[in-house]
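Across the two complexes that follow, subunit A remains constant while its partner is subunit B and subsequently subunit C.
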Partner chain A sequence: MRSSAIAARLVGDEMMVMSTADSTFFTLSEIATLIWQAADGHTPLSEIVRRKICSEFEVAPEEALRDAEQFVADLSDHGILRVSTHPIREHTTDTA
Partner chain B sequence: MSLLAEMNQKALRLGIPISVHLDVTYRCNERCVHCYLDHDDHGEMTTAEIRDLLAQLADAGVFFLTLSGGEVFMRRDFLEVVAEARKLLFNVKVKTNGVMIGEEEARQMRHLGAEQIQISVYSHRPEIHDAITKLPGSLKKTIAAIKFLKLQGLKVTIANVLMTSNVADNRGVIELAKELGVGYSVDPTITPKMDGERSILDLGISGTNLHEVFRDRTLIDNVDEFCAPPPVPGEEVMEGYPCSAGHTACYISPYGDMYPCVQFPLPCGNVRKQRFVEIWRDSSQLKQVRSIRAKDLHVCSSCAHVGTCTRCPGLAYMEGNMRGPSTADCEKSFQRTGIPTANMMNRQRTSGLVQIQASF
Partner chain C sequence: MTIDIGGMAIAVRNQSPGFRELLASRYAGFIRPDSQPRLELSVDLFEPSGWDRADEDVTVKRTGREWHIQRGDFSARWDLDAGKGSVRQTANPYAIDSALRIAHSLLLAEEGGFLVHAASAIRNRRAFLFAGASGAGKTTISHLAPSEVSLLTDEVSYIRRQFDGYYAYGTPFAGELARAGENESAPLKTLFLLAKGPENRVEEVEKTEAVRSLLSNILFFAEDQELVAKVFHSACQFADQVPVRRLIFVANKSVWEIIR
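Up next, the complex of A and B:
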């Protein structure tokens, strides 16, 4: 799920994201933004990829999931996303 | 180009106000000698109005939100405002004197995720700092606040406005910042009062002091480069914008009045009467500001410093012409490089003329 320790805003088709903990600044591509926005703490990554990516872009599900897992791991390393094998119940906001 | 600079360019292309400075109050518990504000409350926006405004700013694409005053903690709902801003995922910077920040306020600021806190410190000596703020004991409280905020792991920067009364203590404040483990920024510019009154400008430092500040290797990374003569401006410079005011940034007062910048008191609209985005998009004043290129600047377009000067269009506006020079910035360019500005040379030429007084 999305961390609450970030600032984020959509600028055109890219998401600007800054960690409030260490001021690291990122931009997310259109696809990465879709995954990030859908990370609600409940929906599994495989389901997000199927619903948001495979339905919109011409990409094989296995390849899309592999790329998504790498992307999620990168964001998790910077504290932008929290990864869990179980649903996370914490409240999040959808505004960005 | 850094990622942040790239996003600023993108915001400029798309007409997105990526940075907004919102003063939540003009009330203050200090009475700083150089302050340009009127501290009476003439009808500040309510909590509900600010919440609504923040939602509008988020919708408009604002990312960087500076909350300032006055003293922000004079509003009892200030932490509520920060909470709302963070819920809307703004990058929040808070400017404060810190006097009302205790352990609990610092903990809350950390919990809410404020990215940066800027605190005004004018001297490391209470007799100098407190004489400027006119609040006895203020330095002691401000330093305590910095320690509370640091303990919470927040990013804190000391901001020092240099005046004749505290310029000798600049080094002491730098050492204090080092000792506290916080950042340091210095500003040698005194701004006229919002009603146009300019007597406080006399508090500003001399040209000699400015010359020394620009050559201080603890403040400037590469003094030789910083103080080098300006390169000949190319077409890109002449077609460029003077600054971000009105282009990707704007300022909103506690009463909802909108301006291109906190230092640019050109009224553009009021968010109590119009949606923020309508003012941002349609204000004739903002359109006028956006239309100005370096090549359109009176005097400055022919100045050697046009590409490197920190010319503030707001200060120029307060001098009478937003397309004209800002004397304070002319002085900075001169003290930095030793090369007189076009404005200075014009003044020198005209000062030799005999003044003719009308006889009627």
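Up next, the complex of A and C:
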């Protein structure tokens, strides 16, 4: 799920995300943006990859999931995304 | 003494004649006794102890409605809603300068504006910003400006969002040029990201790079997530509305032929 301690904005096709805790800054690619926008705290990552990535891009599901897991882990390390094995119920992020 | 920068007046109150003389000299051109202050700061001076370090990092935090600012050579607290606060500092100009910059950065953040590490100037009734880290050429560009150009600052630019767009205002915050800017303002035409090169040319900049570069040059000190988010959105909105270009330039007067 998207962290609440961030500010995000879609600029063109890319999502710009900034941690409001330490001002770390990320620019997400088109695919990463799709994952980010779908990170609602209760849809499994595998389902996001299947519905949003594999259906739109020519990529093998296993490879797409592997890349998505790495991407999610990176953002989680920076406090941008929250990762859990169970659905997360929390407040919304500041996204424009 | 009321110091009006960018149309945001801050009154600085202290009885010491020497300190008042220091303020009058440093902020000449920006002193407006008739301006209604947004903030009144009562300044209390103390003797330097040798332990008060102006080169320490400043901390700016909010507790409830009150901001608390701390650096080696000064501390301050103020309530922007109430418009009142105090500064405790040694009698040096850098402390009050920093306090004023921080106050302005907070006032501007609430309104979609910001201070940015950039030179700015007015030509043909339009303002231009020249942003970049130390050594990028802000003072050089300022120094090379033709006589009809009004320099607003060679170091810290003041940007306000008005109903009809963004405006740049002159500030007394000088860099190596060592002189205050003109107390003028104009609608902002272009933000140039400076880079020195073998020829003068202007390049397009991707929107995401524009936002990233702007954010890296915005002067913002507060450890406050809500306000940091506002500044982020302000930078994105600015990049949507104001052209951002890369200005590659040769360090001579010819660069101003392409700044129009």
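Note that the second predicted complex is superposed on the first by the 91 of 96 C-alpha atoms of A that agree within 3 Å, B and C clash if a C-alpha of one lies under 4 Å from a C-alpha of the other, contacts with A are read in each partner's own complex, and residues count from 1 in each chain.
To be clear about the criterion, a residue touches a chain if its C-beta (ideal position, glycine included) is under 8 Å from a C-beta of that chain, and two chains touch if they have at least 3 such contacts.
This one's a predicted model, so the numbers in the text were calculated from it and none came from an experiment.
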Chain touching more of subunit A, residue-wise (subunit B, subunit C): B
Contacts of A:73 with subunit B and subunit C, given as first, second, both or neither: neither
Subunit B versus subunit C as contact partner of A:12, first or second or both or neither: both
Doubly contacted residues of subunit A, that is, touched by subunit B and again by subunit C: 5-7, 9, 11-12, 14, 16, 18, 20, 23, 25, 27, 96
List of subunit A residues in touch with subunit B within their complex: 4-12, 14, 16, 18, 20, 23, 25-27, 93, 95-96
Subunit A - residues contacting subunit C, complex: 5-7, 9, 11-12, 14, 16, 18, 20-21, 23, 25, 27, 94, 96
Residue ranges of subunit B touching subunit A (in the complex, touch as defined): 3-4, 6-7, 10-11, 14, 16, 18, 58, 61-63, 86-92, 113-116, 155
Touch list for subunit C against partner subunit A, complex: 206-208, 211-212, 215, 225-226, 228-229, 232-233, 236, 239
